[in-house]
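In the part that follows, the structures are each spelled out as structure tokens.
Look at the two complexes coming up: subunit A is in both, with subunit B in one and subunit C in the other.
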Partner chain A sequence: MLTIKNLKASYNGLQILKDINLNLEKGQVLSIIGESGTGKTTLGRAVMGLLEGSCTGEILFKGKNLLTCPEEELRRIRGREIAMVFQNVEDGLHPLYSIIYQVMEAVLVHGLKDKKAAEERACEVLELVGLDNRRFLAYPHQLSGGEKQRALIALAVVNNPDILILDEPTASLDALTKAEIIAVLKRFTRETAFLVITHDISTAADLSTHMAVLYGGRIVEQGATGDVLAGPRHPYTRGLLRSYPNMSTTKDLQGIPGRMSHHVEGCPFHPRCTQRIQICAAEAPLPVVEGNRLIACHRGGIVPLLEVRCSKSFGPLKVLQDVECVLHEGETLALIGESGSGKTTLAKTIMGLLKADEEEIRLEGKKVTRRTIDFYQRVQMIFQNPGESISHRMNVLQAVKEPLDIHKTGNEEEKLERVRQVLNEVELPGDDDFLKKYPHHLSGGEAQRVAIARALVLNPKILIADESTSALDASVQAKILKLMMNLQEKRGLSILFITHDLALARKISDRLAVLLKGRIVEEGPTSEIIYHPLHPYTRALLDYAPLLEDRSVRPAGSRWARRACDNSLQAAPGLKRPPSATSKGCSYAHRCLAVKERCFEEKPELIACSPRKVACFYPQVD
Partner chain B sequence: MHVNYWREVHTSGPGRIGLGLLLLVAIAAVLAPLLTSYQPAAYTGAPFMAPSAQHWLGTNDVGQDIWTRLLYGARTSLAVGGGVALLSLCLSVMVGCSSALLGGLYDRLMMRLVDALIVIPPVIVAILAAAYLRPNTVLLIVLLSLFLWPGGARVVRAQTLSLKERMPVYAARTFGAGQLHLLFNHIIPDLGPILIALMIQDARRAVFMEAGLSFLGICDPTVVSWGKMMQHALKFVYLDVWRWWLLPTGFALSLTVMGFTFTGFALETALNPRLRKEAGHADN
Partner chain C sequence: MVFTGYLNKIHIKSGYIMQECVQARHVPIRNKVFKKASVLNRASLLNYVVALLIILTMNFFIPRLMPGDPLQAIYGNEALLVMTPELQEELIHRFSLDRPLGEQYASYLLSLCRGDLGHSYYYNAPVLKVISGFLPWTLLLTGLALVISTLVGFLLGVESGSRRGRPLDQFLLGGIMLFSGFPDFFMGIMLLLFFGVFLSLAPLSGALTPYAGHSGLMLVVDLLHHLVLPLAALVLVRLTATYLLTRNTMITTLGEAFILTAKAKGCPERVIRYRHAGRNTLLPVVTAAGLQFAHLVTGTLFVEIVFSYPGLGSLLYKSLLTRDYPLMAGILLVLTVVVLTINLLLDIFYPKLDPRVAKCT
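The block that comes next holds the complex of A and B.
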């Protein structure tokens, strides 16, 4: 219905929109999201033909190019076939006319001569948008923000437009009003195609079927709303979602480093992107279809940095059985499991400290056959006990400098400078006094920071943290984790966080993998797994995750907790369990509450159950 | 967590005695020209002179000053002790560390070699070697080192096996460190006290063996040696000279060996946490 081709728009020579290509069909709700200043409103105004700057390209509406249309024609289309709800509810209404009069006027302007009929239509629409009929005659200043928004929507939809452009329809509304407005808007989605321009991702998530992410005047990612939100593929989209407070994701808020600028050559996001390469600054990436998504990124979206598949056994004991995991750029993958599940073995195997029986490790897509010095420059590890991992013969300077010595980077002065810089980065003093301290002079938190500094001094992209905060008390742990999250935000550090603490993983990880007896039994986005655990083992872990209340009187508010209290998870009566895990069958069968015969006979495979994977014959679906 | 080995050793009784004795012998060896006015090989007077102001310990069968020979003999003993200690330690560290770090077939071969060498009786082989090669001090040092390194290599290997599993070594490996870096920056510094203990033990045995071999006549004929002196003196036990010829020499040898033994004992006490007195390092 509406097709935008190569749309460019500029004000006073400053190009705001660069090559926008969009397509809007009837029944579609397309949301344009992005931070302020990315050109969202400009795009809406350009479609309406209300842009003060200059526009090139094509905006085809029912075959007509709106950009070359005469003003006369545009006026007919505007409001009748394409309507817009403007951003600011305060300015959209005329203060001297009553609401119903303004809605009537919109009908009359577009050809209806009969005032009576116009009034009827206005009443009908105002009712449809849920405005109290006693308020029809009110003046704008007498209405609340929500009522004004309803009035504005009525004004826009009264002529049954084919396309409705909504510019921040829910900005500055409280949550309840917002929900009502969205419900009102949803009544029109069948007849009308929507273009929703918003920075409020929850509105977009609720209202739209498709989503386009706008940045620096370019669309960087586009796809079905659910897909985009569940698995953002462009670094900017991910940053946007991470910085948006909501009840679905559990990870702590993270921002996007830097500020947006329109004077950027190449990819508009590259100055803020943590995975940029040389070409990003030179050329703007063309949008390409990748799976179910349209992505404009030279690297094809967020790159998988580390892909691991390995098996390892100590004698007859299979510690890791075909464990497979992928760590993307700038994300935290938490590896959860009880002690003895093979977490540390996995970390050590990845680092090459243990030799795997079978392994396939890819670093940035390239297969790793030998752990060369370059591998260690990219991948670093933080050990469990910081005090132990730093040689007691080395002072802080020597310890942090050691990786630089091994990699022979620069002369002594440069190394010292780098050491001070990295200590500063982990919020430790870089003065001579501190540099001369030995590990036993440091507190646990300080020692851990030194260990982190040492891991960061080579500027790695991947950090493997093996229970690296479990020896610390909570307040120190919190600081260290904040630090790691800040580093992730600043330089796109990918973290493989190995822990047994689910509560911790919930706050810092993007994805979660649950390891049981050397196998991954469940893997997926952290919030998904926390809110809807599928594997009984995950549920058990969640049941015993730290709480700040008496476990016996848990509130009904937490979903998984309630399930543990009612006895819905019951093994079939008369089922004989083997006393311990057998080699065949599910390794959780002997402890599982939802176990059935089959679980003792066959090993469940890890099967995709979008957007995650689970290895269970009888996943606990709500 | 840091044990100050030096402090542990020099504050303990045996340690003080041992270090004192070693210091004494070392001073005697170094300051020999100042402590006597004769040359060790010079004929200074009549044979078999009793101790006097000119000849503190009298003279031997050819009129050489025994005190002078005793002082210069200390030089030989310490040189052989020190040389053997260093050389055999180098061999021990090279073989022990490389075996532990590389492992595999190399490790097994090396350890079997060590086993084989340990069972070879040193004196017999030394006599045999001397029969083929003209005995001199350097040869003696090399020979004794070849006999002494295997024991040390075992100790070093065992310790390295444990050290290489330590966290800092793992950490260094994750920085991409090679074996040499690990060896020189992590393992050898941590081996330090053990290496010193090994050296002292090797030196003690070397001093003893040198004396024994020269007693048997396997020595550089131009060099003064306590073992040779004792062997000479023993030929004249029917005279009174043994009291100032044989006795002081044996005494000097005993003191040197005791010095090494006591020092080694003190160090071992400090190294072995089970032997270490709790009070000794409580304030550390």
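The block that comes next holds the complex of A and C.
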């Protein structure tokens, strides 16, 4: 119904919109999200023909190009066929006219002569948007913010427009009013196509069917709302979602480095992007369809930095059985599992410290056959025991500088400078006294930070942290993790975080992989797994994850405790359990409460169960 | 009322319970709004009464605080020279000058209540009667000047403000600023010289052609013929303030969010200009018109003198020349009352213009 082609808009020579292509069909709710200043409002106003700047391109509405339409024709379209609710709720209504009059006027200016009919229509719509009928005669100053927003919506929908543009429809409303307004808006989505402009992602998620992410006047990602939110593919979208406080995700808030500017050549996001390459600064990427998504990125979205598939056995004991995992740029993948599940083996195999029976490792898409010096420049590891992982014969300076010596980067002075810099980054003093200390002079936290500094000194892209904070007390651990999260935000560090602590993984990871007896049994977005675990093993891990209260007295309805005290999950009566895991069946079968006959006979495959994977015949659904 | 139709509809649609509910809730709210409005009027009325009393008191005390004999202040030295002791006795008695100040004040107020503003010795008639012969002309002139200057200033301001920076706006702004530089009597003199003396298009003085015996339409034409120049002088000078205020308010109002809403509704340009932006601009303009009225009255006094227009200005001038103190005091008092009344009327009218004022008392 509405097609926008190559739309460019500028004010005073500053180009705000650069080449926008959009399509809006009947029944669609398209949300445009992005930070403030990315051109969202400009886009809405351009469609309304109310932009003060100049526009080029085409805005086709029912076959007519609105940009070349004469003003009088535009006026007749405005409010009747395309309506808009503007951002400013407080001043959006004329202060001197009653609500009903203003809604009536919207009908009357489009040629209806009969005032009675207009009045009836206005009342009907005002009732539909849920405004109390005692308020119809009120003036705007007598209404609350929510009531004003309802009135503004009524005013826009009174003529049954084909397209309704909503500019921040829920900004500055409290959560309950917001929910009510969204419910009101949903009443109109069947008849009217919506263009929802918002920085409030939860509103967009609730209201829209499709989502377009606008940055620097270009659409960087577009797709069905659910897909985009579950798996953002553009680094900017991921940054937006990470910085948006909500009840669904569990990772700590992270921002997007840098600031937006409209004077950027090439990809508008490249100055803030952590995976930029040379071409990003040179030319703007064209939007390409990839899977269920339209994405404009030279790198095709967030790149998979490390792809691992390996098997390893120590004698007859299969420690890793065809483990497959992918670590994306700027992402934390937490590898969870009890001790003996093969976590450390996996880390060491990736690093090449253990020789795998069978392996296929790809670094940035390229197959790794030998661990060259370049590999270690990109991938670094922090070991489990910091006190032991630093040589006792080396002082801090030597320990941290050693990788630089091996990689022969710069002269002594530059190396010293770099060491001080990286020590500063991990919040350790860079003075000579400290540099001369030996590991046994350091506290546990300091030693760990020295180990991290050693890993970071080469500026790696990937950090494998193997239980690297489990030996530390919680406050030091918190500081170190914050440091790692900051590095991730600033330069897109990818972290493979190996831990047995689910509570910790929940706060720092984007994705979670649960390892059991050398197999991944469940893998997916952290929040999904935490809130809706499917595999009984994951559920068991969650049941015994740290809580700050007595498990037995947690009130009914609280998610984890209920399950912990729940005895309803009983194995089928008469089922014979073997005393330990057999090589034939599911490796959790002998401990599983939901076990059935089949579990002992076959091994479940890891199957996709969008947006995650699970290896279980009888996944538990709440 | 627009709303009644809707109430009926609810009646039919939702059955009697809903209807009763709506009516029962709705009616008291309307009464409440009405009550609030009348409370406001009573309060502001009180303000005006207090203001009037203060003015009356000042009017009473000022001649009595002047140095020398109040009688001397009233009649001047020459009159006192020829005054016989009997006459002086009688005058002192008449002004109650022989009694204590409090009693003098009381009798002053009482006589005002009776409509007695004193006796003009020059016209040898009661002051009120003299004034009532001149007042209508002044009211006609000021009233028309106020209405026309506000109206024209507003219209020009709206057109100019909505065309900011374009030729019409620049022309109007330049031209009107030029006129605003002149004082009104000077403008009067210029108009009189040009149209009256050089072009002989308008009469030089008076409000009607004396002894012409016009009646009906001819009377009106004659009246307007005399009125046009003094009115033009006043309007041209008074126009500026309204025009500038309207233009500036227009420019800021056009940037408001509700104008954008109106545009998005699909309102035609003219409707946006007047119904939306103009209506909002009217508020400060009306306030300013009320405030300006006092200035307008003083301006009128000068202009009347220039055109020998038989209004209070000319009368005041004459009473000054003849030192007819009771007349002077009477004129000032009447003008004060007129100004106060106009302001009171505006105050009563204003809530109808701005619903936001109605709610705060």
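Following the convention adopted for this analysis, the second predicted complex is superposed on the first by the 619 of 622 C-alpha atoms of A that agree within 3 Å, B and C clash if a C-alpha of one lies under 4 Å from a C-alpha of the other, contacts with A are read in each partner's own complex, and residues count from 1 in each chain.
We take it that a contact is a pair of C-beta atoms (placed from the backbone, for glycine too) under 8 Å apart; a residue touches a chain by one contact, two chains touch by 3 or more.
Every value quoted in this text rests on a predicted model; they were computed, and no experiment measured them.
Colleague: Overlay done on subunit A, so just call it for subunit B and subunit C: clash or fit.
Modeller: fit
Colleague: Applying the document's definition of touching, compare subunit B and subunit C: which contacts more of subunit A?
Modeller: Tallying touched residues of subunit A, the top partner is C.
Colleague: With the two complexes superposed on chain A, say which partner A:Met260 touches: subunit B (first), subunit C (second), both, or neither.
Modeller: Neither partner.
Colleague: Would you check which partner chain A:Asn385 touches, where first means subunit B only, second means subunit C only, and both and neither mean what they say?
Modeller: Only subunit B; A:Asn385 stays clear of subunit C.
Colleague: In the overlay, answer first, second, both or neither for which of subunit B and subunit C A:Ile530 touches.
Modeller: A:Ile530 sits against neither subunit B nor subunit C.
Colleague: Under the stated touch criterion, which partner chain does A:Glu120 make contact with: subunit B (first), subunit C (second), both, or neither?
Modeller: Once the two structures are laid over each other on A, A:Glu120 reaches subunit C alone.
Colleague: Pick one for A:Phe86: touches subunit B only (first), subunit C only (second), both, or neither.
Modeller: second
Colleague: Between subunit B and subunit C, what minimal C-alpha to C-alpha distance in angstrom results from the superposition?
Modeller: 61
Colleague: Given the complex with subunit C, which residues does subunit A contribute to the contact?
Modeller: It is residues 48, 50, 75-80, 83-84, 86, 88, 90-98, 100-101, 104-106, 109-110, 115-116, 119-120, 123, 133-134, 136-137, 139, 141-142, 152, 155-156 of subunit A that touch subunit C.
Colleague: Mind pulling up the subunit B residues that touch subunit A in the complex?
Modeller: Residues of subunit B touching subunit A: 1-2, 166-168, 170-178, 181, 185-186, 189-190.
Colleague: Touching subunit B in the complex: which residues of subunit A?
Modeller: Within the complex, subunit A touches subunit B at residues 348, 351-353, 371-373, 375-377, 380-381, 383, 385, 388-394, 402-403, 405-407, 440, 451, 454, 458.
Colleague: In their complex, what parts of subunit C are in touch with subunit A?
Modeller: These residues of subunit C touch subunit A: 2-3, 5-6, 9-10, 22, 25-26, 29, 256-258, 260-268, 271, 275-276, 279-280, 283, 353-356, 359.
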